[in-house]
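See the structures that follow.
Presented sequentially are two complexes of chain A, the first with chain B as partner and the second with chain C.
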Partner chain A sequence: MKGYRKYFGQKLLWFFITLIVAVALNFVLPRLMPTDPVNAITGKIAGGMSDSSAIKEVYEFYQKQFGLDKPMITQFFLFVKNALRGDFGISFSQYPRTVADIISSSIGWTLALQIPAIIVGWILGNVLGAVAAYKRGIWDKGVMPLFMFLGNVPAFAMAIVLLVLFAMKWKIAPSGGGYSSQMIPNMSWKFVKSVLSHYWLPFLSVVIISIGGQAVGMRSMSIYELNADYVKYSRFLGIKDGKIVKYVFRNAMLPQVTGLAMSLGTSIGGALVAETIFSYPGLGTTMLSAVTSSDYPLISATTLIITIMVLLVTLFLDVIYAFIDPRVKAAQFD
Partner chain B sequence: MKNTIKQLFHSSKFVIGFVIFVAILLTIIIYPLVSPGNPLEMVGVGTFARPGTYVSLYDAVTTEKDTFKFSDADEKRLANAISDSDREAMLALFDAAAMDYSSIDVNDSNALIEFWDANYQTAMDTAKLKKSQKRDLRLLDSRIQALKAGETFKVVEEVDGETVEISTITKTDYVNTNKVINVRNLPLGTDNFGRDTLRELIAAAGVSLRIGLIAGIIATFVGLLLGLLAGYLGGVVDNIITFFTNVLSVIPSIVLLILINYSISQELRGPTLCALIIGATSWTWTTRSVRSQVISLRNRDHVNLSKLSGHSLMRIILTDILPYIASYVVMAFILQVSSGILAEAQLSMLGLGPKTTTTPTLGLMMNWATLYSAHTTGRWWAYFPVILTITFITFSLNFMNTGMDQVFNPALRD
Partner chain C sequence: MGKVILEVKNLKTKYITRFHEDVYSVDGVSLKIEEGKSLGIAGESGCGKSTLALSMMGYYFPPLHYTSGDIIIDGVNISGMDPDKVRTTILGSEIAYIPQAAMNALNPTMKIIRFIEDVIHAHDKSVSKQEIRSRAEAYFKEVGLPPEVLDRHAVELSGGMKQRTVIAVSTILSPKVLIADEPSSALDVTSQKMVIKMMKDLMKNGHIRAMMFITHELPLLYNVTDDIAVMYAGQLVEYGSAHEMVFDPIHPYSHGLMGSILVPEEGTRGANLTAIPGTPPNLKKPPVGCRFAERCKYAKPQCFYTAPAERMFGENGTRMYRCLMDEEELREVYANE
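Let's look at the complex of A and B:
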């Protein structure tokens, strides 16, 4: 267990260091603005809110919350303290809702959509890549390039195309939202059905575009492994083809797990923007409305939450990797 | 070098990507030369004019006329004037009068009208219909009769309150579109501002490509520099650079882009600045791969020999290391360009792209099209060509990259 402890300790340490840097960037970047942030914020609220007493209240709230009279470092700790308590302030655009409330109502939607979609896309991509490497023919010359092409469609564009085809033209999917607008979220079977009918189109758009990228990596890895000496040696020994393919697949899979962790940061951006096309009630749509209404506390909180989500998934993949990579496993017996 | 390029053009993937990319590039360069004009000029007064050829009605009226008697001209006119609901109403009357109309095709306007003329009176007499229904049918009949009659339009000009007749237009009058002074071709119609979509799209593709290039150059330059330093020098420098690279590569780039772009005031956020920001946030991958390449090269014999000969650091890097990683750097650059174009489009969709009224970008075009719900109202020409353009640019770049990968990594060859 000692090897594992060291490995996990290292990964955890990195997680916290990255987290601190992310929080610091979240704190510092908006403060690089040449103007006083509270002024800039309240200047922007004037457009979003009409109630003058509310503007004053928000102004005072933020002046106090940012603690602008205190030195920068105290401000930072104040920011971290508030963030740790889940206190991100009050939203400008949806006043008097708190930012924490808005985020907690949208984060579940995003997690429920993105995580299964990314996993399914990853699995299908790997299978396609392996099949293309092993079977060749139409898989390698027809299906692969098709999905590579689809993989280059920007996520939001794929969302638009699917929406136009399935919702506008063929009318077999609803045109947006997370559930029917006439319903109030509850646990009834009817509501679940409505959610599912709104779910599959955004899900499909994420899956389709992620297959290509994963397949390319898997194909390269599989070809590389198929040409490796151990495959030739196994063939000499007369080991069955099926068994060799299993070895090859396992070895080629390993880098793909890291590949998934690495592509997460870039793919999440596209996936979030795609949410806005479907007006899906997740973090992406929240972020868009925050940006369009200059809701600074909401922008800050959504970006922070997205970062933390990506960091957590990366950490999780690192842990999984430790259990499936024989090299890390072997390190324990040293 | 020459050999490598020759080899590249043997890879079908590289060639396909290269051809698509060059075709797009040539279009961007040549189209403004062939058809000059400001891409952001709001030519249309309304929004979303359909794609097609527009003939100036004003000029057409005064253009020299020719007379033609095409046999199907009337039929076409009729077919256009009688809507589907009119046709249904006509059939409903025959149904009500219990007449057999199975011999005629509903979509054959001529036959339908002929049958209507022959049977209208008897049908009206026998059918039991409400008064209002009969009135509607009578109106329909008078419309059909008017269409059939030889109607003419009179063109009059108003001079000092008096109307002067200029010409009479009959059904057999035609003008040659070549003779009309103002005929405009809008192959992709206009967008929500009334701009010529095709011209705007080609200009936007140029700007987006420039954004991708600037972002790619910056990301590659920074990534290469840091990767070389970290890989070659090692030690503390390596530790520091690797630390920052690792930290920054896990934080989603979209988060950094949103925070930075939001912090910059809108007036300053032009395409070039956006490109700089995108480049400045995407160098981490290049740094990582260059560093690992350099580490594997560092202790090769030819590098050690150079060191023993007392060559300077610059010289060793330039002559002994760079040529070995050049192919990787070029491939990374290509990927950076395509992801830069995508990043701009994504930011623009969120309303954080370049804020400009003087230059179009592909992302801004998409953003406007969706804001004006072009996609939900069936105005395909405002968004679909943009999607195709973005896709073909990134696809061609990525395909070139895959082709290069196969050429430079012998292990991946088929």
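Let's look at the complex of A and C:
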């Protein structure tokens, strides 16, 4: 038990060290961009003004509003202090909406799209890889290469092809958005139906792309495990193939768990392309517009969410691996 | 003569490579092991020792294929049996196997007890888990393994411990025949000794009734088994009792093989060690004549085109050798060296 505590203690310590470094980078990096967002806002608001002192006043007002008049280090501690309370400040580009408000209205869309799509793609990919390794034939020589090809199609190209085929040519799917543009989000059956009809095309684009990559890994792990000595030995002890296949796929799955967790961790970043092309109202779209408009608070907040998700997933992996893979346990606890 | 537990009659198996070439790796092997006896198989790498072990299990999967011959365990011929039936009724319970690479023989992510449960359930579904645990604990204690091992994973065990665990798992159903393929080759001498002792005890306590021990280490065989057979290029070239084989080998190959090892016995000290030149023949195209002819110091022209048959000799005719030359002729040749 002491081994466990030390192991988890260490993992937790590293988690916090990485988190602190990541938060600092998240804060600093957008602010190193050469554009001045306050200038842009001032330009918008003071568009018709000719009085330079009035323009200056507007500029200073917003600088104060966003806290940009204070030195960088003070800004950082303010940022951390506020972030701990869940307050990420006010968005520059969508002023006066708060960052927290923008994120909370878009993160749900992203998670609802990405998590099921990644999990479905992962499951299908693993099944395909395992079947290709075990049954060979058409699965290995036909279906597998097809999905490998599809998996290597760039995400934007896949999204465009799907959009052209399903939305433009066959007109069986809407061309974009999260729900019909004539509707206001509510809990009615009609709205849910509209959401679902907008959902399946972006969902499909994520699933199709992820199958190939997962299948390749699973196939080679399965082939490796199928030829392992314990398979031969188990056969010679009279154990049935069905049982042995279970041993093999359980062992082959272990590295795949890492793959799943990592893609869940990076799902928000990965959502960017699909969401942009399908004009899906998720965090990816939000992040893209934040970057293009130098919206520091929004960039910091979205990247922080991504960082925290990746870190949490890594920590979670370290913890569960110790339980599901005795090899890791033996290597780490000694 | 005791009861014959394992008999192999003219067994032939082959590998079919991915280029559809046949490799005749076991080509007409016949042998017998009586109750309570052990047989050692010696030979250099690639001579077909391990393939013989695999072939004798009566269960084949690619690239190994059965061609002809009989495997009779305690009166039951298993070579014609349905593979699934062999698996459920023979493997593990009648004939058990200890693989060459016992280090990796256990599933790394499984506790030993879970694996034992699967082994026992593969033959008898009705045994409860508690029953299996108490049986396994008692058995592990008996063979000198701490019962805690049952709750470990293979990665948590040392090499020697892993090997002994594999032996214990293989024999938990008290099989009649145990086939051990180089069970001690990867171990240090202390662990080797423990493994050998464990196998001898299994025989003594009646957990197994006959044993075949494959190794390239001849001195080990002399100390472990009752009889020794020497294998060359897919065939047995000679067999006899361990003592006869070490001190009076008759086939030129076994003669050369025994001359290449040190035996810690009176009278053999100071003898010069000799090596056999050349390499074994390609088993895709075995020679038409004697397979050893090319490397044989005493080969005559007819050796290259006439395949020698097995010839029985010795007291009661229990020894066998496979050579065109007569026993007396060979003895004379050896004496004049």
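Assume the second predicted complex is superposed on the first by the 244 of 334 C-alpha atoms of A that agree within 3 Å, B and C clash if a C-alpha of one lies under 4 Å from a C-alpha of the other, contacts with A are read in each partner's own complex, and residues count from 1 in each chain.
Here is the rule we go by: a contact is a pair of C-beta atoms (placed from the backbone, for glycine too) under 8 Å apart; a residue touches a chain by one contact, two chains touch by 3 or more.
Nothing here was measured: the structure is a model prediction, and the numbers come from that model.
Visitor: Name the contact category of A:T292: first (chain B only), second (chain C only), both, or neither.
Guide: A:T292: touches chain B, not chain C.
Visitor: Does chain B (first) or chain C (second) touch A:F149, or do both, or does neither?
Guide: Only chain B is touched by A:F149; chain C is not.
Visitor: Is A:Y247 touching anything from chain B or chain C once the two structures are fitted on A? First, second, both or neither.
Guide: second
Visitor: Please name the chain, chain B or chain C, that touches the greater number of residues in chain A.
Guide: Chain A has more residues touched by B than by the other partner.
Visitor: In the overlay, answer first, second, both or neither for which of chain B and chain C A:N82 touches.
Guide: neither
Visitor: Applying the document's definition of touch, where does A:A22 land relative to chain B and chain C: first, second, both, or neither?
Guide: First partner only, chain B.
Visitor: Find the residues of chain A that appear in the contact set with chain B and again in the contact set with chain C.
Guide: The overlap between the chain B and chain C interfaces on chain A is empty, containing no residue.
Visitor: Considering only the defined contacts, which chain A positions touch chain C in the complex?
Guide: 228-230, 232-240, 243, 247, 250-251, 254, 324-327, 329-330
Visitor: Using the touch definition up top, name the residues of chain C that touch chain A in the complex.
Guide: Residue positions touching the partner: 57, 59, 61, 87-88, 90-93, 96-97, 99, 101, 103-110, 115, 118-119, 122-123, 153, 155-156, 166, 169-170.
Visitor: If we count contacts the way the header does, which residues on chain B are in touch with chain A in the complex?
Guide: Where chain B meets chain A, its residues are 246-260, 262-263, 265, 338-339, 342-343, 345-346, 349-352, 366, 370, 375-376, 378, 380, 383-384, 387, 390-391, 394-395, 398-399, 402, 405, 409, 411-412, 414.
Visitor: Within their complex, state which residues of chain A touch chain B.
Guide: Residues 14, 17-18, 21-22, 25-26, 29-30, 32-34, 136, 148-149, 152-157, 160-161, 163-164, 168, 175, 216, 220, 223-224, 227, 262, 264-266, 268-270, 272-273, 276-277, 287-288, 291-292, 296, 299-300, 303, 306-307, 310-311, 314.
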